[in-house]
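Below is a structure I'd like to ask you about.
Chain nomenclature is as follows: A, B, C and D, assigned in order of appearance, with residue numbering initiated at 1 for each chain independently.
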Amino acid sequence: MIHAYQLVVLIPYAAALILVAVPGYRVGATANVIVSAATFAAGLWLVAGESIVGDYAIVDEFNIVFIAINTLVGFTTALFSASYIGHEIETGRLSPSFVRFYHAMFQAMMGSMNLALIANNIGVMWVGLELATLITVVMVGLYRTPQAIEAAWKYFILASVGISLAFFGTILIYLAGQPALGEGMPAMTWSLLQAAAARMDPAILDLAFIFLLIGYGTKVGLAPLHAWLPDAHAEGPTPISAVLSGLLLNVALYALLRFKMLVAGQPAALDPGPVMVVMGLVSLIFAAFMLYQRRDIKRLFAYSSIEHMGLIVFAFGMGGPLANFAGLLHMAMHSLTKSGIFFAVGHIAQAKGTQRIAEIRGLSVTHPRLAVVFALAVLAICGMPPFGVFASEFLILTTTFAREPWLALLPAFGLLVGFGALLMRLQGTIFGEPVGPAHRVEASSVPMVLHLLLVLAAGIFLPPLLVAWFQRAAELLG
Amino acid sequence: MSQAYEISHLLAGVMLVTSFALLYQERVAAVLNAFAAQSITLALAVAWSAWSDNRPDLFITALIALTLKGIVIPVALHRTVARLGIHREVEKVVGVGVALMVGLALTGLAQALVLKVAAGMASHAREELALALAIILLGFLMMIVRRNAVTQVVGFMSMENGLILAATGARGMPLVVEVSVAFSVLISLFVFAVFVFRIRERFDTVDLEALDRMRGDRR
Amino acid sequence: MTRDLVVQFLAQGAQMAFVLLIAPLAVGVVRRVKARLMRRQGPPLLQAYRDLAKLLRKESVIAESASWLFRSAPYLIFALTWVAAALVPSFASGLMFNWAADVVALVALLGAARALLALAGMDVGTSFGGIGSSREMMIATLAEPAMMLIVLTLAIAAGTTRLAGVADFFIAEPFGVRVSLALSLISLVIVALAENARIPVDNPATHLELTMVHEAMVLEYSGRHLALIEAASHLKLVLYLSLLICLFAPFGMAPATAGLSGWAIGLVAWIAKLLAGAVLLGVWEVSIAKMRVFRLPDFVGVAFVFGFIAILLAFLTRGVFA
Amino acid sequence: MRGPALAFVYPLSALAAVVLGVVDLQVLLSGGEAATRLPIGLPTIGFHLRLDTLSAFFGIVINGGVVAASLYGMGFDRVKELTPRVEPLFPLFAAAMNLVLIADDAYAFLFSWELMSLASWALVVARHTDPECRRAAHLYLVMAAIGTVALLFAFGGLAGPAGGYTFDTVRTHPPQPMVAALVLMAALVGCGSKGGLIPLHAWLPLAHPAAPSHVSALMSGVMTKVAIYGFVRIAFDLLGPPAWWWALPPIVLGAMTAVLGLLYAVLDRDLKRVLAYSTIENVGLIFVALGLALAFRANAQHAAAAVAMAAALLHVLNHSWFKSLLFLGAGAILHATGRRDLDGLGGLIHRMPRTAAFFLVGALAISALPPLNGFVSEWLLFQAVIAAPALPQAALHFASPAIGAMLALAAALAAACFVRVYGTAFLGRPRSAEAAGAHDVPLVQQAAMGGLAFLCILGGLMGSVLAAALAPVLDKLAGGALPGPGSGPTPFSLIAFDPARSIYDAPIIALFVAIASLTTLIVVHRLSERRTRRGPAWDCGFPDPSPATQYTASSFAQPLRRVYGAAAFAAQETVVMPPPGDIRPARFSVVVVDHLWRAFYAAPGRAVIGLSERLNVLQFLTIRRYLVLMFVTLVILLSIAAVTT
């Protein structure tokens, strides 16, 4: 009997094979949506079911949330790109054959990310994550403009180096686990490693965590390993930007956190907290300043993703039940909000025919509804109530101040600087006298509204089940 | 056993030496030869551990290392270099002397790190881990002290050699073969890219204007 | 009981009448003294009364651009000043209503009169009115902080801000916090000069437009309105004189419980002190020249500094109240 | 979202505000309180709401303002006044303010607090095509965010690492002294940035005027009070027993704010900006009173604490009334003439008599002149200052005269400022065609202003009654109360400490003044020549028909600028006099420097932009250099691991 956790991986991979063969982009798009819906259904099935610990697969309180988000955002993104890609073909940026390829790649990517999420084996997780990365590399280069190729190439190099380092880290984890769990599979299995964490070799564990931090941190987009991120977001198709910010960063961070759990399980090992705090703060503040000089709207929000990843890593670096809880909550909220923002940005780019911020003005006059949604989404990511990000930032800042009053000033400073920049851009784009063209928007606005509603709901009421999961994961994270 | 360990240790040592050779070489052709030598040594090392710990599947890894990285890619790159006309001296960021010094420092760092590892793990495994770590770091160094694409690809590949060495060194580690296959695919992509997109200086251009054009993000 | 109440009420009324009646006389005295010291014949002592009567008889000319505010202001200004003057203990301390406003409220009442006058000055829309109003308000910003410091000193010393209370306190123990009191006396005198637009702050006799402050504001007034304004300024002079008297020379003032005889004595003493004060003012005014407007901060600043020193001294030798 | 769909916004919000106000009043008078917990908000903590007497009092303040603003809004021409950008947000803004007051846990508080900022931001930027509005809105929301972060810190400190966010938990576990001090500073920054305490004030004169006038009235008259509420709630309710030196920052900052705010106001030519600056001044006064209350409470001088607290709370109420009135009046002027610059107005008392009358009441009230309401709180404040020397701490001794002098200066400046405003806007002759052609506003808007004016007078006469109504709040916050109405000579005499010490009896004084003026009127009209002739202005014999010869707002400010400007703003006047025989006109120019803006706004802004330009280089590195970054990071971490054991 086939189980849901197999479905979330198998459906996309199978679909990828089929979609390569499907001619006609409309059919492909529809199929893409249907398949993603099916995957989402499987994901929900997992949520409904109880946790699983198999040889290769694990579904526990920690990753179930991310599986759910992954499949959901995969579905909404498919929905969005179905209406979006058509416009890309009309404008001639993509040929139908490329769209076919795009759909196949999209499913393959989703499959790989789900694989990385449910894998109970650090090797398999590594494979899934790297597969997803390489596929996104190809997607980023999809438009084959010089900029796109340049971005893809940079992404490729940095990601490959990251891949190698992460792999070395994985080997080290194996070596660290070997004394406790013996040779072979057990020393690469999450559940067993987690259980045996206390008996693992601390020194190798430290070494391993460093390599994993650099390796997976590159995909998380931590400064100074972030260089690929802004360009990849800016040059790739908008749905891919949404998936990158919304999912891939999360999955990479998820992997990193799994390893942090191991380190937390071994008291003799060095505490990764300070390192994470520092890297988080560097990313947060650096990205906040970078926001001011951005001219391309997608690159702007790419940097804001770096900013928020920095905040999340900072929270986990602080540790403790409240901060970890806040970090997890912020991960979830950020991926929903940011992908929603990228959907909105896609609409804007269609409406104004450009991504250059300077040429986007007065949206509230020309496209009132879009402007409202966009404004709400941006304010949400800035941590304004009544959206979920406010709750997580509330927890992060209050607990930090309660424990380290002076340290708390730094993330606050970064967030304020970033807020100033985003607000400036927001006002510039939606207010003022409109300039330039104002086309009708083809893409469907359902996904972004849906995301916004979810974030709103989370800001007002968090389901107890979710809270329970987060709390359990938070205490594992130490 | 001890003699088995002697040989694998020797081979690993040779690989480290070739890494230094890579850093030392001035001309692209020579770099490629040095790399080929390293890959062949790797193949030998892997084959040896395959035989000594009788894990026949590792022979595949050895074979890939030998054919792809020992022969195919070096040859291919030789021809690319010839076609791109960059077989003359490569532009270096720092002098050979400095590069070697840094390399030595990195090797020392690798040793220091591994020496902290508890005696819980077999001493030869630790030794090999130290060497592999050193090779990886040297490969990374190679990537950042050379300016043209080919040598950087080479640097990456020697990094990856170190990885394979570490993976085979980790006794009984599953999936090594699969991973080595995956890596060779990755590398082929690299080389493919260098071929197709004619990436000469994209790797490291000093022409910021060009980058602006590329990035479409005016300063 | 009721009879007593009636008496009290009459006494209060009597004080209102007294201040109103004596005010022009005080002004007359000042003018006369100044004239004499300048070797002039000078106006008769009762000239001020005659002026008022004359103004009342004349019709009043009002500029077209004037509004209802211009016409109603004089009545309010006069009333406010009158009430304020009536609330300062003059011949007796415990009169029926002089608890109704303490020093702070008293200053504020005068402030209200001043604000109305300044508004009236702006109403017609001439440049002179503006000059007068703006300078008047500027002077007030200089005087009020000093006044506040004086009030603070007195409150520290006497433990109350009710004038009657302060007077009673000083009657009871005349040798209070002396140095600080002397200093605050000086600053109160300076404040009084500034508030009453006397030399050196302003020259009540001037008609050289650019130097005048008070006169410039009332330039547009005539007839009965002018009469009221003039009367109000006379009252203000009396008010400040009796304020000085009640705070720094309360001797002779009848206590709350005193009967008619006590009141009579108090009344005599008060009038005497009042006229003496007027004489002194006259002497002062001839012996000093008017200052340029923007030298005023230095002059009133003296009041501020003295007031501050007074408080610091009061901190050293004070009866704390809580 | 336009047309009839929104026609009911203002009536409904007025109605809702009335209902809420009545509820608040009932709670305040009955002294009871109601609390509830909604299962939303933070997980495991929930969303706590509580309506106690303090919230109820501030609720009355806020809903009063909302009623007036809504009435005023009803009078709008719904086509011209960009309603779709205002009407949906107006009720949200009002609701958020009410929510802040009844929030009973940190999350609920900040949630509604930030919602309030957000709604008001959207209202400020309603006139979005005006770049000045956008700039103001941006500065405003950024400052609001800074304030929110400060409050986050404050509540973080109160809640502690365990996260006891509900106010009840905080009350039972007050923080350590050191933490408490940090919390107080954070609260001062957080609430000060919303209330306009210097140096966090600069957004206020930009944002308040930018909004539609009835929203300006809400922001200036009411929202600043929410900031005060936040500070009172934290400092007097949550923070536990105070240390005496906590009083110093609010007192010193407050006094400086009061004086500087008015100096700004006196020098400014824009009517609505002047009003906004005077709001800053009043917030300063309130903070002084609160600081004094803290000091008295720390020394267990409860009677004095009650006086100071009563001064603060009554001033909150009074200011909400006359500032709303004045902003509505400014809105009326703006509506009638389309101008905000004082030097373009004049003579409006003839064109819009009712508005002029109401505005006069407001102007006199805000100048703290008896018998209006502004003076009641001012009087109590002075009484509190006069009691300050009784405090044992030397620092507070020597502060007290300085504070008293600064408050007196502020009062005098306020009078000067509003004589200037009223004199140039309503009196004199029209300085522009618009002013000459002005007309009074619709009846409902006049009603809004008239109601507030009436309250200003009533509050002035019935100050003692209001103070008595505050008794439960005072008892809760200051541990004492003012002597009740019974203890004075008349039921309406306002008493600080005890009747022997200081009384202010507004009704008696008002009665006296009324009698005196009436008798004067009658007498004068009996004996005097009753004839009155209208003629050209005398003006020393040289009347000039051109309205340009009048004193303008700028010229009115000149003496004050001469006296205070040099010190406060390095003001410099330069006169360029052409040589004799040259017929060119002489040129007069003034340079005024806003040091605070330079130091606290311009410089940091430049720093951020400059730094971002520096860092931006990192966007344009080559791939190899990015690899170098990666490599260096790796090596650093490895070295750390190598050295640490």
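List of remarks:
Note that a contact is a pair of C-beta atoms (placed from the backbone, for glycine too) under 8 Å apart; a residue touches a chain by one contact, two chains touch by 3 or more.
Just so it is clear, the structure is predicted and the values come from calculations on it, not from any experiment.
More contacting C-beta pairs link the chains of C-D than the other of the two pairs C-D and A-D. A centroid comparison over C-alpha atoms places B as the chain most distant from subunit C. Closest to the protein's overall CA centre, chain by chain, comes D.
Centre to centre, using the average C-alpha position, subunit A and subunit C are separated by 78 Å.
Inter-chain centre distance (subunit C to subunit D, centres taken as mean C-alpha positions): 34 Å. Subunit A and subunit D, compared by their mean Cα positions, are separated by 44 Å. For the pair subunit B and subunit C, the distance between C-alpha centroids works out to 99 Å. Within subunit A, the positions touching two or more other chains are listed as 153, 157, 161, 165, 207, 293.
Counting partner chains per residue, subunit D has residues 616, 619, 623, 627, 634, 638, 641 touching two or more of them.
Listed by label, the pairs of touching chains are A-B, A-D, B-D, C-D.
Within the complex formed with subunit B, the residues of subunit A that make contact are 123-124, 127, 130, 134, 146-147, 149-151, 153, 156-157, 160-161, 163-165, 167-168, 171-172, 174-175, 178-179, 183-185, 187-188, 201-204, 207, 231, 234, 293-296, 299. Contact residues of subunit D toward subunit C in the complex are 301, 304, 346-347, 349-350, 360, 364, 367-370, 375, 378-379, 382-383, 385-387, 389-390, 397-398, 400-401, 404-409, 411-413, 415-416, 418-420, 422-424, 427-429, 489, 493, 499-505, 508-509, 512-514, 516-517, 520-521, 524, 527-529, 531-540, 543, 547, 549-551, 555-560, 562-564. Contact residues on subunit B toward subunit A in their complex (touch as defined above): 113-114, 116-118, 120-121, 125, 129, 132-133, 136, 140, 143, 156, 159-160, 162-163, 166-167, 170-175, 178-179, 182-183, 186, 189-190, 193, 197, 199, 202-203, 211, 213-219.
Residues 93, 106, 109, 112-113, 116, 137, 140-141, 143-144, 147, 152, 202-206, 208, 211-212, 215, 217, 219 of subunit B are the ones touching subunit D in the complex.
Considering their complex, residues 153-154, 157-158, 161-162, 165, 206-207, 210-211, 213-214, 218, 224-225, 227-228, 230, 270, 275, 286, 289-293, 320, 322, 362, 364, 379, 382, 384-386, 390-391, 394-395, 397-403, 405, 408, 412, 415-417, 419-421, 423-424, 427-428, 431-433, 460-462, 464, 467 of subunit A touch subunit D.
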